[in-house]
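Several structures are given next for inspection.
In the two complexes that follow, subunit A is the common piece, with subunit B as its partner first and subunit C second.
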Partner chain A sequence: MRAEAKLGLALLLTPLLMWLSLLIFIPHVDVFLVSLRERVGVGQYQISFANYLTFFQEPLYLWTFLRTAVMSSLATVMTLIIAFPVSYYIAKMIKGRAQSALFLLCLVPFWVSELVRTFGWMILLRETGVISNVLQYLGLVDGPVEMLYNDGAIMIGLVYTSMLFMVVPLVTTLESLPDEVIEAGYDLGGNGISVLREIIVPHAMPGIVSGCIVVFMLSLGNYLTPTMLGGKESLWFTELIYSQFIVRFNWELGAAFGFMLLILSSAIVWGMLKLTGQSLEKTMG
Partner chain B sequence: MTADLECIDLEKRFGDTTAVDRVSFSVPQGSFFSILGPSGCGKTTIMRMIAGFLDPSDGDILIKGKSVLDVAPNKRPVNMVFQHLALFPMMNIADNIGYGLRRAGMGKAEISRKVDEALDRIGLPGIGARKVDELSGGQKQRVAIARCMVLEPDVLLLDEPLGALDLKLRERMKVELKALQSAFDTTFVYITHDQSEALVMSDNIAVMNEGRFEQVGTARDLYYRPDTAFVAGFVGDSNRWRGRVTKLDGQNLELQSDTGMPLRGAIQGRTLNLGDVADVFVRPEAIKIAHAKDDLSHFDNQLSGKVTSLLFNGAASRVIVATDTGHGEVEVNLPQSGEFADLVKGSDVHIGWGSDHGNCFAAEAS
Partner chain C sequence: MIPSIPQPRFVTAAYTAYVTLFFVFLALPLIVVAVFAFNDSQFPSLPWEGFTWNWFFGSERPMIGVFHERGILSAIGTSVLVAMIVSAMSVFVGMTNAFLFNRYKFRGQSLLYVLMLLPLVIPGIVLGISILVFSSRVANGLWDGFSIDVEALRPGLWLVILGQFSFITTIATLVIGARLQKFDRTLEEAALNLGAGRLTAIRTVTLPYLAPAMIGAFVVAFLMSFENFNTTLMLVGSDAPLTIAMFDRLKEGSTPLLNAVSLLLMVGSSCLALVMIVFQRKS
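Let's look at the complex of A and B:
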């Protein structure tokens, strides 16, 4: 009986373990090993930290690295600010069919591929695009306006892409807050701001943090949006990794970049959890 | 003396339905007022209008003589204990109780002094640092009341706060709530669908049905002198028969029940005419049970029958008696003297009651 149970457990765990080891653990170990290789001759390698040294010595790399981190954080904050009222409205202000309908509306854009969605933004924002034409038609501007290929366009793209991943955890946590508790907050003398600060936000904290982690990771690792919407000056760290691997065929440096990105995102997520006093179990569980 | 709380022709309509229909009442300072009614009768709507979460469609609400219709819920001198208490789970007990004081802008030292005082008052000193979910149901209850009472409201509203507790605790909290109310000397307005909660605690009770107040009075009034058939049926248990009036004699009347049983009852000042369809309500404890017919000779309602069921429930034990004439069944309380301890199913008994215990009401068309 015990042996059978053990076999059952092993069989059940096998797909998970295979997935974890084959697709996550082994590739990462391999990438890490690659990142530690330095090419000293044709087909000759030695172990060194040269790739990481290159990363720290080249200002463009460091600058892009920081830029990516700051802009991803900014995109996360903006997503939160936009998604919170939306989620609150869906979770608390409306009931029944309208609630499901609105929730579905948030989901609809995700039925088409990210590529198509990003092209949608290009149609809107480009020089000959919808917004530019409308502005000209209304007489607000004299000539065509280019709104594409800058950091603002990247921001719009990132926030738009990430919205759902913020709305879902927020709606879930906000729905679990009884209306009574909010009413009690008002009844005992609180106004809108203090009820939000002392009751709603503390209650929604696990949802806020888990939404922020997901959105931040998605923005940091996003390749398509910054590449398509950003201009020449708007470099994204994933673009550097791509160019090392594919354009320069320098797998060693690309692997080192990849590892730096992993360390960066882990460090920022850890810092955010510490700052808000949340734990990973609490936010994900 | 102005009343602490006064509602004048209060009305609330939701679309075509009228949830609260021209309700007026006033609650004197320091008294315990209950609104008793079945679920969906509109009592929660009244409470939410007083607290300010709903605007009345018509009428006025006065607190200490001043209309509060234009006052936002967070500015009203009224606080509410919610059905599920609504303690703030993200705060500890002291912060929960101090929340209202912080909002009022009181100093830290003053707040902590007041919080300690309130915790002493509810008999839970030193629990300030605990989390909400570490408390038992009864303790949460008391914290929820303390959280409101530190603000010294003119009126405390309680929305079925005992509903979530188990029976034993509920019985204890009834006594405790009443004690807290006299300790704080604040006006309590309590809504419930549980008649025993209302009867035990209240100075005055309003029985509400379908948006209207059927009767406002003391527990005793409601129990012994119900004004309407609804009150008679809702408050306490009753035997209820429907019949046609066959004879009128001042305040007393005779009627023939639909099953053919002759009954005598009293109209207590209500108008009923010969041939009207009427309902008679007789409380099980008003009916006397006897082994010999002679013991009941002074009652003008007398029946003989057989016991069909024994419902043992301690002090509230009852028997159901089927009349020999086959006209129906009567629920009768057993006296506690032990005289009827040998009663078994099928025993022959005699029952009787005075006509003044038979409250008659004109039957509502149904």
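Let's look at the complex of A and C:
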């Protein structure tokens, strides 16, 4: 029996270890090694930090990196602010069939590809688009208005695309808060704001953290939305990675960019978990 | 604020209005995509030129419908093939992982569990480039050392499959693991007491119990693979899956053909969603 258990353990460990080592661990170490390579001649390389130096010395690269980080954080905060009242409404204000129907309605848009959602916003926002025509029809503007190809359009796209990943964890945690606790808060003399601050938000913290982590990650790593909705000047960091790898074929610099993106996203995830005393198992699993 | 505690009427009204507005915001892009699939015009924008089915069934230029557009049809085929293989692989590995974390206690287990979650917090594009870099290093090594050219390690469908598998497996593991956690192990013991062997007990008792989660994991994996963009973008070769093919066309300028494809996608994924809900109701 003991030998059999050991065999079972070994058999079950094999796929897990192969997956994690061959597809996750070794490839990332390899990207790091490539990022440390500097081409000194045809087919000749030496180890150096040249690619990282290029990253820090070229204002365009560093600027795009910071811009991507700041805009992703902004998108995360906006998604949280928009999603919280809706999640609370679904979790606490309605019950039964209406509740599950509304929750399902929240999920529906996300069964459709991100490409389709972005395409929808393009049709709405562009110069010949629906919103521009409606505004003209209402007489609010004189000529066609271009609302596409700017940072605002990127923000709308990012918030829209990541909404689901905020609503689901928020609804789940808010639902587990008993009504009696909120009523007790009011009985003890609290008002709407103090109950929200002292009871509801602390209870929803795990949901807020996991929602924010996922939304931030998705915004940071998004390629489609900034490319399709952004203008010529609204560069996103993933576009730089793509162009180094596929267009310029400079894998060394591209790998350094990729590694910087990985460091930034890991740092933010780790920082948020530490700041709120959560762990990855609890927030993701 | 809670229904059992009375609030001023305008507060409740404003709250309801906000939630309604939110759902309009959610639905608007999808509705315009669907509506303009029927516009009798070369562009998916106003003015409305009249209703037509041509973007689905049209067979003559300039209005070639989805069902006569070979590029789109073969891209759909590619996507389905990739999604099938990815889902099958991830459900299998997700299953072994779920059993491993549920049934065994060993040193380093909690560390492995955290490592297993990591693919979810790695940006998709970084997953893509890391697999691209590593596979081409292996391919070059094989070529230099043994003069073997392994086509599967060059950008193409096999790399796309590996790239998507690398993070979808985590999701499959979580879905199947959650159900295995709720399993009452005394049922399995009863089977053992009644004379079943260990594997027979798992096959006849545990696996049927897990079936809804496995189907759920398969559907979720299928959709995630079908919709994946970032990882696929870095690993794609000559035959592109649907999202990449649509992206390339969208960059050149859009026709209502893309609306028609999108509408078909919406219908397809809603059907899948319904199948999944029905299955979960049953369990």
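Structural remarks
Throughout what follows, the second predicted complex is superposed on the first by the 273 of 285 C-alpha atoms of A that agree within 3 Å, B and C clash if a C-alpha of one lies under 4 Å from a C-alpha of the other, contacts with A are read in each partner's own complex, and residues count from 1 in each chain.
The rule is short, and it goes like this: a contact is a pair of C-beta atoms (placed from the backbone, for glycine too) under 8 Å apart; a residue touches a chain by one contact, two chains touch by 3 or more.
These figures come from a predicted structure and were not determined experimentally.
In the superposed model, A:His203 makes contact with subunit B only, not with subunit C. Of the two partner chains placed by superposition, A:Ala10 touches none, neither subunit B nor subunit C. By the touch criterion defined above, A:Tyr186 lies against subunit B and subunit C together after alignment on the C-alpha atoms of chain A.
In the superposed model, A:Ser194 makes contact with subunit B only, not with subunit C. Contacts of A:Ala101 after superposition: neither subunit B nor subunit C is touched. Shared-chain residue A:Pro178: touches subunit B; no touch with subunit C. Contacts of A:Leu62 after superposition: neither subunit B nor subunit C is touched.
After overlaying the two complexes on the shared chain, residue contacts for A:Val40 are found with neither subunit B nor subunit C. Counting the residues of subunit A that each partner touches, subunit B and subunit C differ, and the larger count belongs to C.
Touching of subunit A by both subunit B and subunit C, each in its own complex, is seen for residues 183, 186. Residues of subunit B that touch subunit A in their complex: 51-53, 72-75, 78-80, 82-84, 86-91, 99-100, 103-104, 147-148, 151. Listed in rising order, the residues of subunit A touching subunit B in the complex are 178, 180-181, 183-191, 194, 198-199, 202-203. By the touch criterion given at the top, residues 4-5, 8-9, 11-13, 15-16, 19-20, 23-24, 26-28, 30-31, 34, 82, 85-86, 88-89, 92-93, 104-109, 111-117, 119-124, 126, 128-130, 133, 160, 163, 179, 182-183, 186, 192, 195, 213-214, 217, 220-224, 228, 238, 241-242, 245-246, 251, 254-255, 258-259, 261-262, 265-266, 269, 280-281, 284-285 of subunit A touch subunit C in their complex.
Here subunit C touches subunit A in the complex through residues 1-5, 15, 18-19, 22-23, 25-33, 36, 43-47, 92-93, 96-97, 99-100, 103-104, 106, 110, 112-127, 129-135, 137, 162, 165-166, 169, 174, 177, 198, 223, 226-227, 229-230, 233-234, 243, 246-247, 250, 254, 258-259, 262, 265-266, 269-270, 272-273, 277, going by the rule given at the top.
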